[in-house]
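Structures given as C-alpha cells follow.
Each of the two complexes below includes chain A, the first together with chain B, the second together with chain C.
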Partner chain A sequence: MLLSSFADVLIGFISSPMMLGLVALGTVLGLVLGAIPGISSTMALAILMPVTFTMEPGVAILFLIAVFMSSVYGGSISAILMKLPGTPASIFTQVDGYPMAQKGKAGHALNFALVASTVGGMVGLAMLVLLAPVLAGFATNFRSPEFAAVALFGIVMLSFASNGSTLVASVVGFIGVVLGMIGFDALTDAQRMTLNTPVLQSGLNLIPVIIGLFGLGEILQNLVGFGGTPKVRPQIGKVLLPLHELTSRWKVMLRGSVIGTFIGAIPAAGSAVAVSIAYAQERRLSKEPEKFGTGHPDGLVAPEAANSASVGGSLIPLIALGVPGDTITAVLMGALMVHGLTPGPLLFANNPTFVSWIYVSVFLALIFTLVLGLGMIRAAVLVTKIPPQLMYVFIAVFCVIGAFAIRNDMNDVYVMIAFGVVGFVFSRLSLPVTPLAFGLILGPILEENLRRSLMISRGSWSIFLERPISAVLIAICVVLISLPLLKWAWVRLRGGSEASTNKAT
Partner chain B sequence: MTPPIDGSARKTLAVGLFFLLLAGIGWLVLRQSRNMYSGMSMPGDPGPFFLIGLCLWVLVIAGGLLFVLGLWGFREHGVTFTPTYRLVEIARAWTLSIAFVASLLLMPTAMRTLGTTFAVALFSMVWIYGLLTVVRGHALRHVVEALLFGAGAALFVNLIFVRLLTLPLPA
Partner chain C sequence: MKRRHLLTSAFCLTAATALPFGSAMAEDAYPSEPIHITVVWPAGGGHDLVARLIGHELSSIMDTAVVVDNVTGAGGSTGMRHIVDAKPDGYTIGVMGLHAVSQSYMNTNAPKLDGLDPLVYVSDEPGALEISASTGIDTLEGYVEAMKKDPMALMNGNDPQGGNSFIFAEVIPEALGVEMMKLPYPGHAPTVTALLTEEVQTATLPIPPVLEHALAGTVNVLGVASENRHPKLPDVPTFKEQGYDIVVNDFVMMVAPKGIPADVRSKLEEGLLAAVNSEGFKAAADKNGMVLRPLGADDTAVELAKQEALVYPLLDKAGLVAPELKRD
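Let's turn to the complex of A and B:
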C-alpha cells in the first residue's frame, strides 16, 4: 500500500519536467545559500518561503524540502574549504574536512561529504517511512492531556538541548508561549495582549516572526564588527574518489546515519547534537583515533552521515505528532500551516497521499543533491567567494518582501523588523532564540489542550497524571527543568562533605 | 557560584533585568486586556489569561533569580568598570546594525511612495556601497559596483516577485 503510493507519486514527479525543474532549482539554491558562511539552513528556508506562497501546497513543500536537504550538504562546503561552517551542524565537518583541503584534497573531502550525506539522508528517509506511520498510529489514541504534555515536552526538550542554561532557555520558551497567545482567544473571544489595536487582534503571524528571528536577526548579528570575509584560496585538487575508498567506509556511514536518525527524532535534540555524538563515537571506535582532526576521512564521513540522517529523524515527530524536531522543521511546519496543512496523526488518516508526497520529495532532493553537488564541486569555490555584503543586502530585501507577501500587509514588515531586533538582542545577551520560536508555535497547542483537558476534568489537574503518557512526559519535563538545580545542590553537598572530611583529617 | 549566563555576572544581571522588564510590560498589557474582558469562562476552564499569567510569573521568578545571581557574582568577583574607549568600541561595532534597522524601518514608506522596485534599488545601492566602503575604503569602483548590483536586485525583485509571482507589492 505504502510502496505503491510511493511509486505512484514518484512516477508522477518523474513524468513532470516542471516538478523536476523545481527540485533542481531548490537544490541549487539550497547548495549555494548553505555554502555561504553566516547563512544557515533555517535562514535559507525562511527567506525562500515567500517564493512558495503562490504555489500549490505540494509543489511548495517539494521546493522547500529540496532547499532544506541540499542546504544541509551546502553547509559543509564552506566548512571544508574555508573552515567556516555554513550551518551549525557542519561544525564537526571542518575538524577533518579543512585539514584535507589544506593537503590539496578538497575535492576528495567534498566528495566524501556528499556521498556520506546522501547515504545518511537515505537511511533517515527509510526510518521516516517506517517509523512515522507507527508513531502516528500510536498518536491517534492521544487526547487533549497527551497533546498538552507533548507540547510542553517539546518546549522543555528544546530548552534542555539549547546551549547554556536549561532554566533560562525554558524561560525564553515561555516568552514565546506568551507571544503565541496574543490576539483573540478562540474559546471565549477575549482580546489578549492586543492593546486594543487591530494589528494584534489576529495574533502574530508566524512567518514574519520566523523571518525576523532567523533571517534579519542573523544579518544584524553578522554586521557587528563587520569586516568582510577572510581571503582564503582553497585548492580543489582531484574530485573523483577511488570506489574502494567509499565502499570500505560503509560501516562508518551506517553508524553515523543510525545515530543521526535517532538523535534527530528526539524533539529538539537537533543535528548539532547528532553530529557531535557521531564524531565522538567514531573516534572512540577508530583504530587510529590520533589521526582524527588531522584530515582523517572517517572523521568527516561520520558527522556528515549523521547530519543528513538527522533531517529524516527530525521529520518523524513533525509528521507523526505535529511537533517540530528542530528549528528547521519548525520553519517547515510554518510553511505547511501557511498552505493549510496541519502535520500530525490526522495527516496520515486524512491525506495519506500528501505524506507519500513528502517522502518522495525527500528522496528526489537527495538524488538531486548528489548529482548537482557532484557537478558543482569545482564551482563550490566560486560560491564561497560571494561577498557577504551583497548577500546581506539581498537577504534583507527578501526578508521585507517575504514578510509583506504573507498577508499583503506592511504591518507584518514591522513585525519582522521587530523580531529581527529581538533575535539580535537575544544573541547579544547569549539567550537562545530557537525556544522563542518553539514557544510561539507550541504555545497555542499547549494552551488549547490544557484548557480543554481541565474542562473535561472540571478543573482537576490530576487528569494529566491519570493518563500514563502525559504523566511520563510531565515527569520527564520536571526532571529536565530541575536537573540543573539538583546538579548544583549535589555539587554543594559534595563540596560540603569533602570540606568537612578535610577538616576532620 | 558561577553566574549562569556565559559565566558573566554582568550578563546575568542584564538578562535578569531584561526578564523583569519584559514581565513588567507583560503585566501592564495583561491588566489592560483583563479590564476589557467581561465574559464568562466554562466550568473547569482556568480562563483566557491563566497561561499568560503563569508564564509571566515564571518570567518574574527567573528574572529575580538571575538578578540576585548577577549581584552575587559581582560580590564574589568584584565590580570591574568598562573603560570608556571600550564602550566607544562597542557602540561603533553596533553602528552598522542600528543603521541597518533604521533604514529597514523606512522601507515600507519608501515602497509606498517610490514603488517597490525603486525602493529596493535605493536600499541595495546605499548599503552595498556602505558595506564595500567599510571593508575596502572609498573608491569610485565601489560606486559602480553598488549601482550595478542595486539595479540587479531591483530587476530581480521586479521580474520574480512582481511579474512572475504577481505579488501585490506597492508599485
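Let's turn to the complex of A and C:
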C-alpha cells in the first residue's frame, strides 16, 4: 500500500512541469546557499521559508525539502574547494576533500562527494520508508544515559580520527571538551569561564571555530614564506570518475550511510555527530589509516554518505513522533506547522498520502541534486582557476562573513580569528586539529547528559550499566581503549618477534 | 550603532521575489529601507516563526522589505543587546518574551528593560502542566494525590533557570502544595522529547510545543494557567476552575530600542497591529496554538511592568538575581 501510493505520487509529480521546475529551483538555491560558508542548511531553509507562505502546503514542502537536501551537498563544495565547511554537516568533508583538490583532483573530489551524498540520501530514505516505525521505537529508547554513552563512544573514537600519537590526539580532544564548556551552562544557566564578558558568554559556536581552525589557519599557513611564488593552486582535473573508483567503495558508502541514518534518527544528536563518528570509524577500519587527512577518497566518501543519510534519519522521529531530529528538521517542522500540518503520530493517520508526498519529495530532491550537482561541478571548480593570491583574499573575506552570519554576532568573528591563530600554531607544531573539533562537538553533549543522568539516578553511576544500550556502548568503549594494550600483551606473549601492525580491528 | 548586515541585505533579494518592493525606495519618508526584526533565538523556534509571519504581513502593509535576523547566544542576551544598541530609527526592532525579563536580572551583561520601547503585544503563552499518558493519570486531582504520596515518583522536565517553563515549574507546584523534582533541558524541543521518551513524566511547557501530542492522546494536559481555557484545547479546564488560583504566562511582544522618534513609533505600532490582526497571521497563529491578544504600545508597557513584578520575586527567592542587580 505504501509503495503503490509512493508510485502514484511520484507519477503525479513527474507529469507536472511546474513541480519539476520548483524542485529544480529549490535544488539550485540550496546548492548555492549551502556552498556559501556560514549559511547552514538551517539558515537556507529559514531564509526561503517566507517564499513558500503563499504556496499550497504540499508544494511548499516539496520546495523546502529540495532546498534542504541540496544544501547538505552544497556545504561540501566550499569545504572541498576552499577548506571552508558551508554547513556543520560538512565539517569532516574538507579533511580529505581539500587535500584532494590540492592534488589537482577537485573534480574527482566533488564527484565522490556527490555520489556518496546521493547513495547516503537514498539509503537514508529507504530506511525512513521501511523502518520508520521500528527506528522511531529505537529512538525513544534514547534517554540521557544513552546520549552520554554515544558521546563517550565518539570521544573514544576521536583517538582514531587523526594521524600521529593517540596521546596527543586525546590531549587536544580534551582541550576541545574544555573549550566547549565556555559560556552559559546548558542545565543551570550559570556562567563558566566567561570572565563576565559578552564575547565569552556567547560560548564558542562550532562553525566560527571550524572556519578559523581550517580556513583562516590555512591562509596564515600559506602566508608564511609567501615570497611571490604561490603554491600550486588546486587543479580541476577530470570531472568524471572511473566507475570502478565508485563501485569499489560501496562498503564505505554503505557503512557511512547506516551510521548516518541511525545517528540522525536519534533526536538532537545531529549530522555533526554522525559525520564525526562515520569518519573516525572509516579511518579505524581502513587498511591505510595514515593516508587519511592527505586526500584519501574513503575519508571523503564516509562523512558525505553519513551526512546525507542523516537527513533521512532525522526525518524518522519527525514524521513518526513529531520530534525534530536536529535544528534543520526543527525549521522544517516550523514550516509544516505554518501550513497547518503538524508532524507527529496524527500525520500518519490523518494524512497518509502526505507522508508519501514527503518521501517522494526527498527522492526527487536527491535525483535533482545529483543531476544539477554534476552539471555544477564544472562551474564550481572554475573557482580554483582564480589566482591563489586573490583566492586567499576571497577565503579570508568568506571566513569573516561565514563566522558572522551564523548568529549575526561580531563576537563570533573574533572567535574565528582567534582559532585561525590556534590552527596556524597547531600546524606549525604538527599538532592535529581534528580532535579539537571532536571535543567541541561531543564534550557539551556528554556533559549535559552525564549530569542529567546522575540527577535522575540521584548520583548512582550504575544507571549507565543498567540500561542495555548504554551498557553495550560503554563495553565497546572499554574494548576500544584496551585494544592496544591487549595487542601489546599478545605480541609479548608470542615472543615479541612480530612487528606490531597498526591495523586495529 | 546600526550594524550593516552584509549577507542579510543580499538575502532580501531572494525574499523580495515574493514581496512588493521598489516604490518605497524613492521616497524619504519612513520606511524607506528594509526593516530588520531581531530574533534572539535560532531559526525554527516559536519567536522565529512569529517574526517571519509578522514580517511577511508587515512588508506588504508598510510597503518595504522586512528581514529577520537571528542574533543568538548567551541565553538571548546577545540579541537583546543588539536591539538595545541599535540606532533608534525604526529599522531595527525585535521580538521578546519572558526570558529577557529574567536575563535582565540574572546576567549583568544583559540589557536592562528600560533600554527598550515596547511597541505591540502579540500573544499570551499561558503556562500549563502536562503529564505522560503512560502514567495513567489524567486529572489534576490524581496528580496532586500521587505527588503527595511520593514526591519523587513523577519528575518534571523544564528549561534551565530563567526560562519560561522553569518559571512555570516554580509557580505551579507551590500553588498545588507539592514538591516537584525538576530536570533541566536546554529548550522546549528537548523537553518534549524527554516527555515522549518518558525520561520525565510531567512537563510545565506552554501549549504550542505539546499541542499535537495532547491531541494525539500521548500527553494529558492537567490544567492551563490562564483565565480562560486554551482555544485549541477547549476540554482542558484551567487551574482556576479546578480550585487553584494559578495564572502565569510567557508572552510575545515587539520592542524597539529606546528613543525612536514619535512619528516612526506610531507608524510601527499601527503597522505591527495591522499585521497581527491580519487574516493571514491570525490563521497561521491559530494553527500553532498561539493565544493572540493584540495590544498597542501603552498597554504593552503596562504588561511588561506586570511581568517584571511577577518574575523578580521568583528569581530572588531562587537566589538567581545577580548581586549587582538586586532591587531594594
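By definition in this document, the second predicted complex is superposed on the first by the 277 of 505 C-alpha atoms of A that agree within 3 Å, B and C clash if a C-alpha of one lies under 4 Å from a C-alpha of the other, contacts with A are read in each partner's own complex, and residues count from 1 in each chain.
One rule holds for everything that comes next: a contact is a pair of C-beta atoms (placed from the backbone, for glycine too) under 8 Å apart; a residue touches a chain by one contact, two chains touch by 3 or more.
Keep in mind it's a predicted model, so treat the numbers as computed, not measured.
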Touch check for A:V413: first (chain B), second (chain C), both, or neither?
first
Quick check on the superposed pair: does A:T353 touch chain B, chain C, both, or neither? Answer first, second, both or neither.
neither
After the superposition on A, what does A:S144 contact: first (chain B), second (chain C), both or neither?
second
In the superposed arrangement, does A:L45 touch chain B (first), chain C (second), both or neither?
second
So, does A:F404 touch the first partner chain B, the second partner chain C, both, or neither?
both
Output check: A:S16 vs chain B and chain C. Expected answer is one of first, second, both, neither. What do you get?
neither
Looking at the overlay, what does A:L29 touch: chain B (first), chain C (second), both, or neither?
second
Touching A:G459 in the superposition: chain B (first), chain C (second), both, neither?
first
First (chain B), second (chain C), both or neither touched by A:S202:
second
Which chain A residues are contacted by chain C in one complex and by chain B in the other?
51, 53-54, 185, 187-189, 191, 196, 401, 404-405, 408, 410, 455-456
Of chain C, residues touching chain A in the complex
3, 5-8, 11, 14-15, 17-18, 42-45, 48-49, 52-53, 55-56, 68-75, 77-78, 81-82, 106-109, 155, 160-163, 183-186, 189-190, 192-194, 196-199, 211-213, 215-216, 218, 280, 284, 287-288
Listed in rising order, chain A residues that touch chain C in their complex are 29, 38-39, 42-43, 45-51, 53-54, 139-144, 183-189, 191, 196-198, 201-203, 205, 267-268, 321-324, 327, 330-331, 333-334, 337-338, 340, 342-346, 401, 404-405, 407-411, 448, 452, 455-456
Taking the complex as given, what residues does chain B use to touch chain A?
1, 4-6, 11, 14-15, 18-19, 22, 26, 29-30, 32-33, 36-37, 39-52, 55-56, 58-59, 62, 66, 93-94, 96-97, 100-101, 104-105, 107-108, 111-112, 116, 120, 123-124, 127-128, 131-132, 134-136, 149, 153, 157, 160-161, 165-169
Under the stated contact criterion, what part of chain A meets chain B in this complex?
51, 53-54, 164-165, 167-168, 170-171, 174-175, 177-178, 181, 185, 187-196, 216, 219-221, 223-228, 387, 389-390, 392-394, 396-397, 400-401, 404-405, 408, 410, 413-414, 417, 420-421, 424-425, 429-431, 443, 446-447, 450-451, 454-460, 484, 488
